[in-house]
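Next, two complexes with chain A in common: one pairs it with chain B, the other with chain C.
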Partner chain A sequence: MKYGYYPGCSLERNAIAYHRSAMAVADALDIEFVEVDDWNCCGATEYISIDALPAYALVARNLALASQQKQNGNGNQLVAPCSACYLNLQKTNHYMADSPELAQQVNTALQAGGLNYDPGSVRVRHLLDILTQDVGYDAVAEKVTKPLYNLRIAPYYGCLIVRPGFDDTYHNPEYPTCLDELMRKLGATVVDYPVKTHCCGGHMTQISEPVALDLIRRLLKNAADYQADAIVTLCPMCQLNLDGYQEAVNKHFGTNYQIPILYFTQLMGLAFGIKPKKLGFGKEFVDARPALAKIEAEPPKKPKKRKRPPKEALPMPNLTEGM
Partner chain B sequence: MSTKEKIGVYICHCGSNIAGMVDVEDVAKWSGEELADEGVIVARDYQFMCSSLGQELIEDDIKEKGLTRVVVGACSPHLHEATFRGACQRAGLNPFLCEMVSLREQVSWVLTDKKVATAKSKALVAGGVERVALHEPLEPLTVPIHPATLVVGGGIAGIQAALEIADSGHHVYLVERDPSIGGHMAQFDKTFPTLDCSACILTPKMVSAGNHPNITLLSWSEVEQVDGYVGNFTATIRKKARYIDEDLCTGCGVCIEKCPKKVIDNVFEAGLGYHKAVDRPFPQAVPKYPVIDKDNCIYFQRGKCRACEIFCPTKAIDFEQEDELIQVQVGNIILATGFDLFDSRRIPQYGYGRLANVFTSLEFERMCNAAGPTNGQVVLRDGVTQPKSVAIVHCVGSRDKNYNSYCSNICCMQSLKFAHLVKERTGAEVYNFYIDMRTIFKDYEEFYQKVLSEGVHFIRGRVAEITDAAREPGEEDKLIVQAEDTFIGKQRRIPVDMVVLSAGLEPRSDSKEVGHTFGISCSMNGWFTEKHPKLDPVATMTEGIFIAGACQGPKDIPASVAQGAAAAARVLGRINQGELALEPVRASVIEELCSGCRICNTLCPFNAISFDTVRKITEINAALCQGCGTCVAACPSEAITGTQFSNAQVLAQLDGLLMLDFSGKPVRQLHPELVPA
Partner chain C sequence: MSAQSSASRASPSSFIDEVIAATPGSDPHLDLCVQCGTCGGSCPSGPDMEHTPRQLFAMINAGMKEDVLRSNTPWYCVSCYYCMVRCPQDVHITDIMYSLKRMAIKEGMFQESTAADAPDFSETFIDFVEQYGRSFELGLATRYHLKHHPLGAVKMAGFGLGMLLRGRMDLTPTKIEGIAQLKTILARAKELGADSSKNGGGQ
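Moving on to the complex of A and B:
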């Protein structure tokens, strides 16, 4: 499998662990990522709110470069591991297709650099989408050599990849389950994480720290309430906020959370038997080692006898049937 | 083309409906002058052609000028074709020599440029004139009406329809898929807005239907196939094996008592209670005979047990019983197949199935029912604890483009009823989350005011999520309902013990297949389509098939009963006529041309086409055919022709529209406004 690859700025610095683990996992799964030559910043979450046209032009330059690239493989697909980059690329791609006027303005801007972009000619995908849909759960399960038995994981999707639900990729944008399923294939125990698509605060840490800290606290608290050993994320922004500000949250609220925040690709790599060093472990602020030490070689034993509910209790609805 | 026919053209103003966009006087004048060669000898315009004065205009011209054909340019034939055919008939002209062209629905209502509208009107009139010249006089078909009726679905709408017909002395076959009639209404405790006991008003009707000498009740049965046509249907009904001999069973219930196997009842108890492997849905079931649930019966699964058989005092248990196919002859059919509840698991952020104390509306109905799993106690999933606070969420799966965009009609009143019942039985704080409060029928608004005065809290805002993720003190171990209160413009988080989801109504999951079996169509959503949304709500486009109740769209009990009675009245009208005149607009097969390719066989939406396997040709049942023309267009050998839709007629109409003569040469300038750029 071959895809165009847009790493985005974060993957080169604070999310280097994401980049390394993604590459290692891709290698193990025979995926070839061809990095877009001379790509630029996607404008992150701010630029579009400040001045839309230059923001779209900034993103469209990357799409134009990607569309010229010959080695993107089938269907001219561009993979972005960072949720913010993914959303910006998707938005630009869709809004240019919806509005010929915007497309024309953006292309006028691109002409200055001798570029042109035909909206929709590149298909933008998120890394999680590729690994769950194109590669598939079964192919991932086949590669697992060191299952993550007994590790309790809170799957955190963040708010950027699921909404506004372009191409209907995540089935249910309010309650996606693909990351849950992927983690289960690695042998991990996935806890119900009702805040899975709630906001991490984004750049609110720079604008109004108390607001951001409260948003981060909710995510940590919920994971702690469900006794998760780690939160798994797929977005550099989320990872930075939950990991880098965990200490600040503890200070602010008098709590003592010590929950490592890991990229889903790191755990995939670990389960594939790739050396932790190659996966960027050790870069995190909250030490992942105590959590990883809980991994056991044997799957957790199922309780022999299911606890019988009291006679007067009403039956629970069947969750899977009819879904 | 010249013709020997004398044609009159009549252009209606329809007040300003047509005249506001079309220069009607110009169209009439043009028709009289330009279409004179085509046989038009008189062309008039009039303010309301459908009025008695307008009709008399046509009648007088037929008598005085000897018109042999009439073209009326007015509204859609759906609305007034019968009117103008009647006028022709009164004046002694065969009604099928009248052609309508739609200058309102197809011109004035859809165009915005008067010049274009006028030009298009002229083209349509020219088409009508060319076509009508080739019309032939037709005589209507008459078919006798079999006096028996098939009612499908034994909910309140079906029961009502069956009783109305049976009471007037005609026979009814009432077919019900479940072991007992009663439908959803049998599951409820109280009914809004009067709060009378559902069972108290329903069971007498069920018993009447069960005992009525004119009703053959076929429960635990399904209609498999319908052949024939209005007045003379043959329905094939599968009577599923109960494994109980109805002639011997006294309904004593010993088998139920002795059966050792208990399973969750997902149908009648909505998953909240249990039933035995041999059981009836509820003690007042009609008929009283239980059914053995083969999938859960220990004997059927493991070959041992037979406890029911051992204890049955009348030897009514029959493990060897098989499904039975019954054929009945009926003249008319009423479908009252009801609705399914929206599956709340489709909205995972509402937590149904994940969070124990989130309940659906049907679960809550069973909980409130004195004969239900909790004997009418409002309790949490543990079966003991009374809630101190309850949230009721309206519009679950309704008015939401992600699920169903329509309003489910009953949920506002149902939710108000729930609020009242919670207050009455637990005294808990109740929070109703709604989008708009729709309490539009008689005494409904008064009920809303009553519930308001009971101290129920109303929060106007769609619920974003229901979660157990506590954020603040006071939220621990509660369900938190988050919604934007749109009156104060703020997000609110209300911690409660229990949530009831007022799930919307959906068409039956198999409504499209059922529609196909009976030859009627469904809307995009899957609700059965009525013949006219306002003026013919219980008839369908297929003669002899009527619909009643929630199978046509979400409806409460009063509306379902009204429709059941209305459908019965329509059927009784038919039965009293004795025979029925059918539109003679029909397709027929020219046998010499039919190659037996069978392309048309599967296309007919009315099941009117059959194949003669001996002669290897297709046949069309004239009484079943509705003249839609699908097969005519599909036939590669031009072997099917439609009366009123023959190739010659349609081509002539096209020539008129395009202003061409029969050889394809233009005879007149096509109006410049209509020439494609």
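Moving on to the complex of A and C:
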């Protein structure tokens, strides 16, 4: 399987662990990701806040390059591991297709740089979608040599891969389950995580820290309430907020959360038996080692179902008496 | 401020049309809002906003341009799209928040909001993108925090050091090869955007 690959700025440095683990996992699964040559930043949520047409043109340059480089055998599918990049590529692709006026204006701008983009000619996908749908759960399960037994995972999807949902890949914009299923295939125990698609605040840490810290606190508290050993993410912004600001949350709220925030590809790599160093472990602010030490060789025993209530339970009222 | 006097004369219908026109790409359905309040109830930063999205849309409908563009609401939108997927009328709320940010900057009104620093964060971010083709976190954090939160910059310095020590932040920016091409494309897009806003299209 071969795909075009758009890493985005975060994966170059801040989320280098995500990039490394994604590559290692792709290698193990015989997927080839061909990086778009000379791609540029997607503008995050910033460019569109300042100026609309250049923001779409900025993204469209990447789509045009990916489309142009199709002859390299990248296929017409472009994979973005970062949720914000994924959203921006999707949005530009869809809005250009929906609005001939926007498409025409963006293309006029692109043509000034000798490029052109036919809206919809590239299909934008997120890395999670590739690994769960194209590769599939069974093929992933086959590669597992070191199952993550006894590791309790809170699966965190964040916002932008499920919403607004340009092509309904995840079926439910508020309660997707594909990451849950993927983690179970690795042998991990997936805890209920009701806030799995709540927002980490994005760049709110820079605008109003108290507002941002409260959004992050909710995500940490919920994972702690369900006794998760780690939160698993698929977005560099979510990872940075929950990991890098966890200490700030603890100071601000007087809490003591120590929950490592890991990329789903890092855990896939571990379960495939790939060395942690190759997966970017050690880059996280909250040390992942205590959590990973909980992994056991044997699957957790399922508690036996009690047929009778335990003796210490409160007695059931005897309805025959006094009736 | 001259913008204020022209704003106070804005007739109700013209301001909502202006907002819709400033939202390219897809019909934002702003005129279909039924004031149900699902948006505000779904918003993670709603309690910190001066107006919930529903209130803001009522104000847009009433032509309260100045109050709308001075509100901190668009700047506190975290782009989570919860409101957008829950809206029964398919109002493209997140896209409208972006349009309101752009309009507030153009009219110079954000300065009086409680999120007055927010546009500068975005502008500093895109300055680096325009210059290099890639974002540059160290430059962004340094320039933005020294300008707006010099005291807080000390705290941020600790965070930045943590990022550097973990090899998660570059000391120097990366420039793409086609930077000249990108600059040409962006310059042309800016011209086109300015032209269409003159013709009432609004970017």
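Criterion: the second predicted complex is superposed on the first by the 299 of 323 C-alpha atoms of A that agree within 3 Å, B and C clash if a C-alpha of one lies under 4 Å from a C-alpha of the other, contacts with A are read in each partner's own complex, and residues count from 1 in each chain.
We take it that contacts are C-beta pairs under 8 Å (C-beta built on N, C-alpha and C of every residue); 3 or more make two chains touch, one makes a residue touch a chain.
For clarity, every value in this text was computed on a predicted model and none was experimentally measured.
Shared-chain residue A:199: touches chain C; no touch with chain B.
Once the two complexes are overlaid on the shared chain, A:56 sits against chain C while remaining clear of chain B.
With both structures placed on the common chain, the touch criterion links A:261 to neither chain B nor chain C.
Of the two partners chain B and chain C, more chain A residues are in touch with C.
Of the two partner chains placed by superposition, chain B and chain C are both touched by A:174. Contacts of A:274 after superposition on the shared chain: neither chain B nor chain C is touched.
Looking at the shared chain after the overlay, A:316 reaches chain B, while chain C stays out of its contact range.
By the touch criterion stated above, A:234 is placed in contact with neither chain B nor chain C.
Of the two partner chains placed around the shared chain by superposition, chain C is the only one that A:244 touches, whereas chain B remains out of contact.
Once the two complexes are overlaid on chain A, the chain A residues touched by chain B in the first and by chain C in the second are 174. Within the complex formed with chain C, the residues of chain A that make contact are 9, 12-16, 38-41, 43-54, 56-58, 61, 91, 94-96, 98-99, 101-102, 105-106, 108-110, 112-115, 159-160, 163-165, 173-174, 198-199, 201-204, 206-208, 211, 215, 244, 282-285. Across the complex, chain B is touched by residues 172, 174-175, 192, 194-195, 218, 221-222, 225, 310, 312-319, 322-323 of chain A. The part of chain B that touches chain A in the complex is made up of residues 264, 271-274, 343, 345-349, 351-354, 356, 360, 363, 367, 373-374, 379, 381-384, 465, 467-471.
Note for the complex: chain C touches chain A at residues 22, 24-26, 44-45, 48, 75-76, 78-82, 84-85, 94, 98-99, 101-102, 105, 115, 117-119, 121-123, 125-126, 129, 133-135, 137, 144, 159, 162-163, 166-170, 174, 176-178, 181-182, 184-190, 192-193, 196, 203.
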